[in-house]
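Chains: A, B and C, in written order; residue numbering restarts at 1 for each.
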Amino acid sequence: MLHSVTQRIFDSIDSLVLIDSHSHINPHSPASYSLADLLGYHYYTELAHSSGMPKHRIEEPGISPREKVERLFDSLGNIDNTVQWSWFIELAQSLFGFQGDRIDKSNWETVYDLAESKMNEPNWDAQVLSTSRIEKVFLTNDFDDPLEGFDTNLYVPCLRTDDLVFHFAQASVQSRLQKATGCSLGTSASVRQSLEALFERFIQRGARACAISLPPGFVPKSHVSHGSSVQIALDDLLQRGMDASEDHKQLIAEWMFWSIAELADANNLPFDLMIGVNRKVYPSGVYQGQDLYDSRLSLIQYAGLFNAFPKLKFPISVLASVTNQELVDYAWIFPNVLTHGHWWYSNTPNYIRHDLRGRLEAIPRNKQLGYYSDAYKLEFILPKFKMYKQILAEVLASDFCQAKKWSEDRAIELGKQVLRGNVESVFGI
Amino acid sequence: MLHSVTQRIFDSIDSLVLIDSHSHINPHSPASYSLADLLGYHYYTELAHSSGMPKHRIEEPGISPREKVERLFDSLGNIDNTVQWSWFIELAQSLFGFQGDRIDKSNWETVYDLAESKMNEPNWDAQVLSTSRIEKVFLTNDFDDPLEGFDTNLYVPCLRTDDLVFHFAQASVQSRLQKATGCSLGTSASVRQSLEALFERFIQRGARACAISLPPGFVPKSHVSHGSSVQIALDDLLQRGMDASEDHKQLIAEWMFWSIAELADANNLPFDLMIGVNRKVYPSGVYQGQDLYDSRLSLIQYAGLFNAFPKLKFPISVLASVTNQELVDYAWIFPNVLTHGHWWYSNTPNYIRHDLRGRLEAIPRNKQLGYYSDAYKLEFILPKFKMYKQILAEVLASDFCQAKKWSEDRAIELGKQVLRGNVESVFGI
Amino acid sequence: MLHSVTQRIFDSIDSLVLIDSHSHINPHSPASYSLADLLGYHYYTELAHSSGMPKHRIEEPGISPREKVERLFDSLGNIDNTVQWSWFIELAQSLFGFQGDRIDKSNWETVYDLAESKMNEPNWDAQVLSTSRIEKVFLTNDFDDPLEGFDTNLYVPCLRTDDLVFHFAQASVQSRLQKATGCSLGTSASVRQSLEALFERFIQRGARACAISLPPGFVPKSHVSHGSSVQIALDDLLQRGMDASEDHKQLIAEWMFWSIAELADANNLPFDLMIGVNRKVYPSGVYQGQDLYDSRLSLIQYAGLFNAFPKLKFPISVLASVTNQELVDYAWIFPNVLTHGHWWYSNTPNYIRHDLRGRLEAIPRNKQLGYYSDAYKLEFILPKFKMYKQILAEVLASDFCQAKKWSEDRAIELGKQVLRGNVESVFGI
């Protein structure tokens, strides 16, 4: 009984046309050109590497896409148990028309050729979006992205601020900011002006959010914007770059973050916080497969921020499932705290299930943004969303239809709101 | 099969008459006078506020109960997915005879009137207790509560010690203590005498526990009671009140806490520890909707306490589910550590289920106090206990009847002990 | 349907002959002589004590095995809900032929006698291994264990290094090391030589791993081995023993640990890390029932170690389930990080289930060492493994056969690899 209720709910929410509220899609090259683009996704290279394949085999310069894929299949048999691999099987079936249920050394070339012929069709990206029932995809744009040459109604700009906050000591970041805004950067007031210029450009181009990923130890703090301590630290970073003192780098990170929050607030732009990642924990790892974390963090680090900006919406993602209950409870109490998807290391079924149940049963329904793909290529949106929708359907069937005696229609309404309605209302679409 | 076993176990444990071992009931006004008393419970006001309703709409002085409820229903539709809302539906059905399964802007007045007519019946509080099958309710009394004018056999006094430990710097607390005990407070010895007088009065009036809620960072420490450092700190608090140094406030908090543990030990009074809350994290929140927490705590902070008082029973509640495994394991090892209910932010099904299974499978059965309501009004005891009993029945059916091949009778016996037997033996009833 | 799939998978993986990759078996006395050996296991004495039995009743010198067991049954009724007790019932049924499903004060002597007659059979240990389908058992040998007088092909030596790392200040440890290796210990170079001698002897005798249990706060650090700071600290420990400074003890612990990692690396010997225990948190507890923990740790403390030894395999166990997601993710990224069993306080079904699902769905299948018994007596291997195999079968049935449409054979293959194949490949058997 439960099984068939789940199936009907799944079918219903799976038929919805959705908006993907966070991705790393390149709007100038949104879909893949070969299987190497898909299996080059860090989820596969890092797992192949972790299971025993040397990094140089994977990242050797100059190898062809086909050669790269052939090599990877030496190790991919070791990861056929993983949900990450299930995404690949799912997309091969749904997007390429692959008929089998295993892809390994014996048949990878068939799939390679099948994919290639599909990808060579002129409207492949549109086909993928259509099959995936996705009508808008949020991007993650560098602050100096010109935001031109693509349809911002389909690919919605989002201002990524990591470089500004955490890498402002780099000369390249400083010069990119100058170039992007035409402002000189000598004073805190002029840096602030350049930030305002960024926001203005992003807003003009239809941006719907700004976003940042944050290390576990970060604690947002306010500093007097034109005070002398900010100016002294800023001078140090402008003059000495990466040789500036760590204290000054830290102060500027805090000041930048707070300034961006002020501008997001002034521009009514939700500020996506993705909390908890440590970069380059494994520096010898493959590209994008070097980051891990320290799960010892608390959202109490952000209490000052949430109190200071009561009107600014903070869609929040946490990296570790042990932080999810705090997220549930901060969203239960703070009007401006929203839950946003299931991020990265918590984006596997065991953690999604536990975290989702905790959210659905205790947070107002209009504050839950169910899912985003975080995808680098369009093809991954479908299988990732499908995984989430399957779990959502199971939870709606068990925790609402069975436990609360809700009708299926009522459960489906909740599913729709979490999957689509709240994305519209929160991001103003 | 599993479903029908669960149902039979539920029916059996649901028929038991229980004792509620922790509540905030006011014995002079135990039940509600209108729906505003129920929907004014912070679980509803904070969720309505979090979902978008301005605080001033909720807390505007002078609005009538009916007006308050009408306003709340502008937002309560946003929380109809929550378990907190399920409690309200459940009590409306079970206590007021409401026949539907949704209460919203279209029909709230019917329920308001239904509730009002019930609540106006002269023996409403007794009716609620009888329908809820509750025969005793533990209170949470201020230390200067005269404990008079109510039946202490039904409403069991419990000495709440938060003010003494954490707010002794306040002149009002000092004067309340003096007034309640007739002792002057100049020396640590005299303060100690006043504490002894409190215990004496509470014991005389049938108190069965003392209790305290503790912030995540608190670490109990022993100080030489009549040593000069305690006296110096005490002098500072007595003379300068809230202007006393933070170090002195901290020292007195530790000394007070330890002194209370000594007196609880001497009086054989279990000491309920409710561990993990930070007060006023969101100071602009609604009344009682401002507290959150930092889940980074460990019960190792309490190891010194548990070792120092081997005969004193510590029924322990933890605020975050990530602390529950430590609680399981400290209760597994320390004879004086007991598990006590599912508190506040961990009192939702997803966390109760995970935490309960961890407890039932690894802690001696005579050390688990299953549940308490934490209710402010009698009407909430029924739905909260029912939620717990439902989950308990599911776990007994799956983890004991199915996995261990226990008979239903044997599983029900375990359920009874956890729900009722241990409350009697631990609190000496 | 799911139920019968689970059963068939269980039957299949239960028929495998396995290798137990971590135990505390004494190879000179591997099995029990009476029920007192089994119920004297700390899991029973500590739970009996926690449930109310005084320590002196349990540990009174000179009481007979039968008397000890009789006394324990005064309290064991309090723990018949626990999984630890289920292990005892299971082994009584499977190994002694006990027919009932309850053992209590009314029938314990029957079981005592049944056990005794079995244990007196000359090949009892071989019978237990055969019934348990175990063909090799890893030991945990003191560094000065002569490793003689037993079949190292059956009982595989493993070098336990806790004493060297954390207790080197003790004169007894220093003299044991001197005696075991014949090296004098005056300089860091000579201590290093003695460590090399230990490794040589263990390797010669077929050791397949070295192992250590680590407190939550430990952070591995490299020190220049022949630098003056190491020598100064070493001098302090050699001269003043336990009176040496805490800083020096800490430095030597770090230096020892790192030296052992270097030697494990040089000898290609996997280094089992068992992370998270605090010793003697409850010093008045029963024998081996005094240890607990602080769950606030992060594997980021080990990032430097994992980076420094890319070829050294680290099979890792964590004490608290809240650390398991970090373990999953470090094993997902670092090639040399492997998951190893479900340890101690996380070795109960609620935590195994959650932790196992997180592992199976996200870590390469060749990096998961499913289970070890941690047993002190052979009789416990069977019920502990059976508990794990039951949960593994359930997860394979639900998360693979049902959710991913895997065939039963394919799921069973994964089960075999996790239970047996990886033990062979990781430990070189």
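The definition used in the following text is that a residue touches a chain if its C-beta (ideal position, glycine included) is under 8 Å from a C-beta of that chain, and two chains touch if they have at least 3 such contacts.
Computed from a prediction, not measured in an experiment: that's the story for all the values here.
**Q** Could the interface between the copies chain A and chain B be described as same, meaning over half of its residue numbers are common to both, or is it different?
**A** Here the answer is different, because the shared fraction of interface numbers falls below one half.
**Q** Between chain B and chain C, how many degrees of rotation does a Cα superposition need? Round to steps of 5.
**A** Rotating chain B by 120 degrees superposes it on chain C.
**Q** Distance between chain A and chain B based on Cα centroids, please, to the nearest Å.
**A** That gives a centre separation of 39 Å.
**Q** Which residues belonging to chain B are in contact with no fewer than two other chains?
**A** Answer for chain B, listing residues that touch two or more other chains: 296, 322, 354.
**Q** Show me the residue ranges of chain B that touch chain C in the complex, using the header's touch definition.
**A** Going by the criterion above, the answer is residues 296-300, 303, 306-307, 310, 322-323, 325-326, 328-335, 354, 357-358, 360-367, 399-400, 403-405, 414.
**Q** Spell out the residues on chain B that touch chain A in their complex, using ranges where they run on.
**A** It is residues 46-47, 49-52, 78-84, 86, 101, 278, 281-285, 289-296, 320-322, 345-346, 348-351, 354, 390 of chain B that touch chain A.
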